[in-house]
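Which chain is which? They are A, B, C, D, E and F, in the order written, and residues in each are numbered from 1.
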Amino acid sequence: MSAWSDHLLVLPIVLPIAASGIMLLLDERRSGLKAAISLATATALLVTALALAWRMTDTPEVYRLGNWAAPYGIVLVADRLSAMMLMLTGVLGLAALVFAVARWDRAGPRFHALFLLLLMGVNGAFLTGDLFNLFVFFEVMLAASYGLVLHGSGEARIRAGLAYIAVNLIASLFFLVGVSLVYGTMGTLNMADLARRLSETGGGAGLFEAGCAVLGIAFLIKCSAWPLGFWLPPTYAAASPPAAAVLAILSKVGVYVVVRLSLLLFGAGASEGFGQGWLFAAGLATIAYGTLGILGARDLMRAAAYAVMISSGTVLAALGTGNRAALSGALFYLVGSTLAAGALFLLGEILQRGRDPAAASLAVFADEYRDPFDDEGATETGRAIPAAVAIVGGAFLFCALMLAGLPPLAGFVGKLAMFSGLAAGAMPPAAWAFILVLTLSSLGTLMPLVRLGTLGFWVPHDDSDPVIGPLEFAALAGLLGACLVLTLWGGAGLAYTDRTVAGLSNAAGYIGAVLGSGTP
Amino acid sequence: MSRLLPHPLLSLALAAMWGLLNAPVTPATALLAGLVGWLVPFVMRLLRPGAVRVRAPGVILRLAGTVLVDVVRSNIDVARVILGLNAGTRRTGFVSIPLDLRNPTGLAVLSIIVTGTPGTLWVQYDSGTGRLLLHVLDLTDGDAWVRRIKDRYERPLMEIFS
Amino acid sequence: MEIVLSLGIGVFAASGVWLLLRPRTFQVALGLSLLAYAVNLFIFAMGRLKVGAPPVLESGTDAAGIADPVPQALVLTALVISFALTALFLVVLLAARGVTGSDHVDGQEPGQETGQGKPSQREPGR
Amino acid sequence: MPAETFLVAAALLPFLGSVAAALLPRDARNAAALLAGVVTLASLACIGALYARVSAGPVVWILDWLPTLGVGLTLRLDGLAWLFAVLVLAIGALVVLYARYYMSAQDPVPRLFSFLLAFVGAMLGIVLAGNLIQLVVFWELTSVFSFLLIGYWYDNRAARDGARMALTITALGGLCLLVGMILVGRIVGSYDLSVVLASGDAIRSSPLYLPALVLILMAALTKSAQFPFHIWLPRAMAAPTPISAYLHSATMVKAGIFLMIRLWPVLAETDAWYWIVGTAGMATMLVGAWSAIFQHDLKGLLAYSTISHLGLITLLLGLNSPLAVVAAIFHTVNHATFKASLFMAAGIIDHETGTRDMRRLSGLWRAMPHTATLAMVAAAAMAGVPLLNGFLSKEMFLSEAVDNVGDHPVQLALPVLATVASAFTVLYSLRFIRQTFFGAAPHDLPKAPHEPVRWMRLPIEVLVLACIAVGLVPNLTIGPALLVAARAVFGGATPDYDLAIWHGVNAALALSMGALAGGVGLYLAFGRRINNNPRGGPWLMHRLDGGWMFERAMTGLVRGARWLEGALGATRLQAQLRTLFLVALIAGLSAVLAGGPAAVPSVPLTGIDPAFALLWLVGGACAVGAAERAKYHRLSAVILTGGAGLVGSLTFVWLSAPDLAVTQLLVEIVTTVLLLLGLRWLPKRDEAIVAPPDETRRARRRRLTDLVVAAAVGTGLAGLAYAVMTRPAPEGIARWFIEAAYPQAGGRNVVNVLLVDFRAFDTLGEISVLGIVGLTVFALLRRFRPAADSLERPRQQLRQEAADRAHADRAVGDTATDAMLIPAVVITWLFPFVCVLALHLFLRGHDLPGGGFAAGIALTIAFVLQYMAHGAQWVEERLRIRPIAWIGVGLLVAGVAGAVPWLFGRPFLTAAFQYAEVPVLGKIPVASAVAFDLGVVVLVVGASVLMLVALARQSLRRAREAAVEQDSRLETRA
Amino acid sequence: MTGADVPVWTACLVVVLALTGAGFSLVGAIGLVRLRTFYERVHAPTLGATLGMALIVAASILFFSVAEGRLVLRDLLIGVFLTVTTPVTLILLGRAATYRDRAEGNPDAPPDP
Amino acid sequence: MSAATLLAWGLGLAQGMLVLAMALAAWRALRGPRAQDRVLGLDTVYLNGMLAIMVHGLRTGSGLAFEAALVVALLGFAATLALAKFLMQGEVIQ
């Protein structure tokens, strides 16, 4: 180890710590400098993630913290899935930060430090190869998310934050119970070592599986799976938009872990397929519940929150089908939908600026029948759309298509990949159910988003039209640009997720890379 | 002297504490104890406690002996009270004692002695009048308690903290 | 000892869960505290129990006989984290009580069903 | 240039044009129109240039997109595609010209043309699709652009509603189409159109045929506005008339027809196809025609007429006869020409008179003879009058209707119903002409009618000319194109047909004439009554208003979703938490049960010490007591929780975890102080006041449920703990740590070595959590505003101060100061001793119980004690701590300590450990982990002091604010 | 290390000291339960905090000094600190009780000093 | 009787007595009746707990319990002080 690139794996964690440490020494009034440090760090994180993904091979990269060998010390492990999630975090994080720098970072003290530490927690969770260290990073991420949810204070945020914190604290306790049960029955915390022991000893006792089940519940709470995820919509809807945007990645951390551990521990061996049926059921239920929520949503922030739920549920269900191609599609979908949901949170705020949400929600129910041809005196001259509205409106439509999985955007590519993956398999009833639910969910997402968009952009408002600042525009452009890249290079993307799933399913490869030749 | 070693007694106590904590004493721990004793008292300069001058080491020793004996005796007395071994009726009540001691540190030591002795409790001290309200578990004679406190504890303390 | 500790963990956990399900925020805060105790003891128990064999190496310590240090390290980390989060929860509950005027977990007394003109906060079919 | 270049250019140009138009300023009418026209014509030219190539075989161009899924961008121009592409582009060019003059000067026209061009591109994408999935992509794009175009006048509520409805219904179809295509792809093994078209037998014999068929037809029927999905089309008429003419009559609605024709070779000629497509077409044709009769709005009439004609075409496709397919293609083209021209005419009437209501219009012949003539010719074509194109295809239709009479009784009705529908067509065509152009001179119109500008009429002239040309010399005009198209569908099996005007007297001619006569007769009989029908809705179907039902269904859907969301979800925290615990319980329990019966304990257990059992009796009693008292006696609950925590610490001491004991004790102390600091701001609660006089049964039941859940979770956790503890410990990683701690990491306290070295990364995360929480608490408290009833200073202080005031010789605050006099002295002098304890815990932690965290908390307590003894103000005058900076320093110190090994080529957090030989002092162990631990101390102090002090300062702040408030109140009174 | 390597006399002495200390503490706790008013009860714990503690500290010093073969006095720190800190709590607690009793006008409220 | 047995039994008994003392104090903390009684109970629980820790150290012959006992001795009063101050002043820090 000597070259800087050898330490690339740990940078996503060390950089935010260093930057936030420095920022805490700076006076609160030096907001410009802080924003600059923060933006530079977020950019560096994105670059790091890209570099990691760029050099990724079929063998996972391993970084031994403290120079201690694998089952004993903590290791960071990066494979394609980690790299993908890091990139997603990098893009979303940078965009949310750019958006925040326009105005939101001044809504409360120490925003930038909290924000970077959140990114650190998320990155750590994606990188760590140790079950307890995962807990620690979960807590870092959650603690920062508590701060960010409450950022800007106000009644709605505090009320939602209270419930959010209560639920997630309990989830954290479940996590601890699960981890310790695993340790108590298997004697190790390293994920690869766990997988190895499981395959060698046949592991399998009820107690170990109980540990995994409790652990699973903890993760499903973070994924906001039904019926454990009722905390998500009010929280995300109440959070300040840049916070909500970056929170969109948070529920995906739970999804990531479920995918990682299911395939590593239960892909084969004594406990093969453990919990798969439950994951599938929970995933479908989550999609269904999220769709109901989005159908009934009264404002954009809430709709976006439910969209986050749907996207989590989709991956869980795809994982539950046991169909690798479907899982690959679901992972692709996850990336796109998370970016789009993040953008939608930003849009929601722009749209609601200076508008009375109560009035808008009343208008929805005024949807009564009127004969279109009776509108004799109706205005039939168009209104020019200011550039800001056009941009925001276009972006909104883009997000709606992404989330509903409508062509031609990346959301569609993901759904298509899932469908054709399922269609390529044996097509058990579960596959049909999945296809049916996903299709209905597409429609169920499109309709309310169109309704909300119509209300937001087309129903004339007395108050002023939304304005969008250059930084906010840049943030949106970044997110949607990423979606566009994902769409245009969908082939490369799917190839990547295919290889990701192949790598995930190759538990032996992972174990070999982590425990491999290393001697203490 | 005072700038380099603001609270010599404190320094001694802290060094002793370090020594006790890290026994057996080696050259290294002794050095560290010295450092601790020297440096840590500087934090006290920040708190700016009132000046405390302690005199009459002989009185200190005598007082310590008195207190030790009183504490042991009171322990046994109170234990008997609790276990109901004391025949006859027991009165319990408050005694008001006019104190002449005004030095806060002296008062603190007095309070520790009184409260640390089973059977008596320092309840309320009025800094304006200098009166102390004492609760006594086995109150046979109020005036005797006043004398006891003033003679046995207050006077030596006034000597020490004059 | 195992049976005693197990029962103790159970009682702590049950008390904590009971409190977590109560309507007042302060009850919930205490419930979190109690449940965290229970969980910490649970983690600790996963290393099995040893009396008089702390994982501190002194001359002549039998390495095989001493307590498992790993769960202890985990508990320490968890302890710190749960301390921090209890503090956070406490402050959030104070802030919530400040802005809503109520110390109910839902930010409103059960009588007043819809608060703040937010119909979505209403109670679902129970 | 190769043919592919033309093809790509044709497909790409509209999209490029769309982007360009979007960038034009809003008042650039001419530029936008010119751009749109040029782009459309250029694209048309490209397609036109390929005619010769296409007659020889399809032109194909492929671009990889999603190779792993077999999905790419495949442009495939065959005869059918050529015909449709020309139709789309030619009519598109005319619509552009028309729109230039139709749209008012106030309209932001570039947007219209931008969307229109994008739509043209999407439509071409469908037509040119050589890949099933690509077809789906463009299919949905047409829905989206149609949505945007219908909503062009978004200020208008009808436009908004119409746009949403169209999108909802057609998108539903699109989603079905996707699944259907995927099923076809599964059967065939490829999405490539050429491959699929060659696999008809495989598809039709597959068990997945029926689902695939139904799904694909869902798409086709919704897009082509077939009954009962037709309801969106009339509402789409809220779009500007050029758009209605183009999308909702000539082109987009034909996408469904195109799809059915495209896949006819592989999906048709089965019973399922026959019944589904045939029935849908027949029903649509009749319902559309019937509804068209009763419309008073010109566009409404044309819209329902369009529905009817789409039904007719669909019916033709459903007949399972190749000849009928040819007729369908032919009628598609014919319909596009006459219906587009009729729409444009209606638009001109609207434009020039200000109304489209046939009851107000009359006698326009006089004001606009030119337009009237054109409209009459087009209407005659629609009615199927001989010598016009409509007549030819109508006759082919009737002939097919006669030829395909089957055995089934329903089938016998086919010719009759076809004739009836044709008669209806005649009826509404006649009504259109009669009501608009004939009769008395119009009066009371919003505008005085006159002919439109020359250029606005030109598109109609071109289209009407086409109607006539095709009607007169079909073989010279449409003939070759139709043949190429038919060949593309049927290949070698193309049926023979004859496009002649005169086929002799046959059944079809008879029916055709019958229909003409019937239509005229019906108009004469009922025309007046139809005009007087006030409602505008059709007789019989008056109550069956699709739009109304759709809106109702949507509203119901939203309400139902909200209800279901409420029923399946929980917004109350208590309900959520209950669910959490129950689910976890079930999950854990089912896993344990699935794992089989528990094995018999096989490890030597530690014997039960009665003292330990008694200790836990205390612990249990404290916990239960705390749970019981937490509602009304919060202080007691805090005390009892403290007791429970102490029992925990003692347990750690007892069971060989001294580090845990120390830390737990310290944390316990700080937590108690914190809780008490918080208690100050909570509402006073008195059992007598708050407890409801009689608890409801529901509340009691809920408490019972909670009790059961709590007990179950407790039992579960206890059971798990016991089960694990009575099982032999696995041979895990623990042994290695014990063996490596001293030789490799230089520490005797293995737990501490784990924390600062082996698993220092955990600790780094842990202190980050602490720092984050500190910052969050600080942020929250900076904006903290207490509830009104907590604003006042505590009762105790007010009373004491009142008493102080009452005494002459006491100053206000003396009571408080006196009470703290002794504690303050002691606590002041304890400060350095606690510092030494902290130093000890920190420095010796590597070998003895302690460590950075414990040291930090001990220091924190030292600070907090000063605050308690002296008050915030006193302390802050003396100790200036900047906790946030401490957090920063802590993070940096720990981070830098972790990163220094990089300089030596070691990974992050690699610790160095050595014995330093110092003269006099001897061998001194030096572990670099100490530097890391120093960061921990600094951060812990910063974060915990920040939390405590931020909370404590509230009293100070409130007191000051309350005083200010009181002053101001006095001022206002005076 | 277990108690095996100390001589019997030490063990005897240690046990006696510890038992006596524990006995005083127990009596204090019994007093806490048995005594009738708060002002009486507040005296009880002092037994454990003074003599009880002192005896146990002595036992500890004796035991470890013998066991380690050197003077181990660190337990003195416990004695000193406990002696200094226990009164602080009790004084404030007594003060709080008098305040509360007076505020509520309880009959057994203490008089003013 | 060997030293070990003597210590085991004698110190075990002492520890038992101390835990019993804790239990009695806890009873007071549970019963009250007044808040000051509960605080006093907790203070006594702490005190006896500390002594029990010391005796446990003797029982196991390990000096490692010392730090825990020292922490209670030096800082344990902070919790009860806070409680007492809360009773007296209605808040812990002014």
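Everything below uses one rule, namely that a residue touches a chain if its C-beta (ideal position, glycine included) is under 8 Å from a C-beta of that chain, and two chains touch if they have at least 3 such contacts.
This is a predicted model, so every value here is computed, not measured.
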Required steps from chain B to chain C (each step between touching chains, minimum): 2
Reaching chain F from chain B through chains that touch each other, fewest steps: 2
Between D-E and C-F, the pair joined by more C-beta contacts: D-E
Most central chain, judged by mean C-alpha position against the global CA mean: A
Most remote chain, CA-based centroid, reference being chain E: D
Chain separated most widely from chain F, comparing mean CA positions: D
Distance from the mean Cα position of chain C to that of chain A, given in whole angstrom: 27
Rounded Å distance between chain A and chain F, as computed from the means of their C-alpha atoms: 49
Distance between the centres, which are taken as Cα means, of chain E and chain A, whole angstrom: 57
Centre distance in Å when chain B and chain E are each reduced to the mean of their C-alpha atoms: 16
Sequence positions of chain E contacting 2 or more other chains: 1-2, 28, 30, 42, 44, 49, 72, 74, 77, 81, 84-88, 90-92, 95-96, 99
Shared interface positions of chain C, touching two or more other chains: 20, 28, 42, 45-47, 51-52, 54, 56, 58, 70, 77, 81, 84-85, 88, 92-93, 95, 99, 105-106, 120-121
Touching two or more other chains - residues of chain B: 17, 21, 111-112, 122, 124-126, 129
Residue ranges of chain D in contact with chain F within the complex: 609-612, 614-615, 617-618, 621-622, 625, 635-636, 638-640, 642-643, 646-647, 649-650, 653-654, 658, 661-662, 665-666, 668-669, 672-673, 676-677, 679-680, 793-797, 800, 816, 819-820, 823, 830, 833-834, 837, 841, 848-850, 858, 861, 864-865, 867-868, 871-872, 952, 955-956, 959
Contact set on chain C toward chain A in their complex: 20, 25, 28, 32, 35-36, 39, 42-43, 45-47, 70-71, 74, 77-78, 81-82, 84-85, 88-89, 92-93, 95-96, 99-100, 105-107, 116-121
Complex interface listing, chain D residues touching chain B: 809-810, 814, 817-819, 821-822, 824-826, 828-829, 831-833, 835-836, 839-840, 844, 866, 878-879, 918, 920-922, 924
Contacting residues of chain C [partner chain F, same complex]: 51-52, 54, 56
Residues of chain A defined as touching chain C within the complex: 132, 135-136, 139, 143, 146, 150, 153-156, 158-159, 161-163, 165-166, 169-170, 172-173, 176-177, 179-181, 183-184, 189, 234, 298, 302, 358, 361
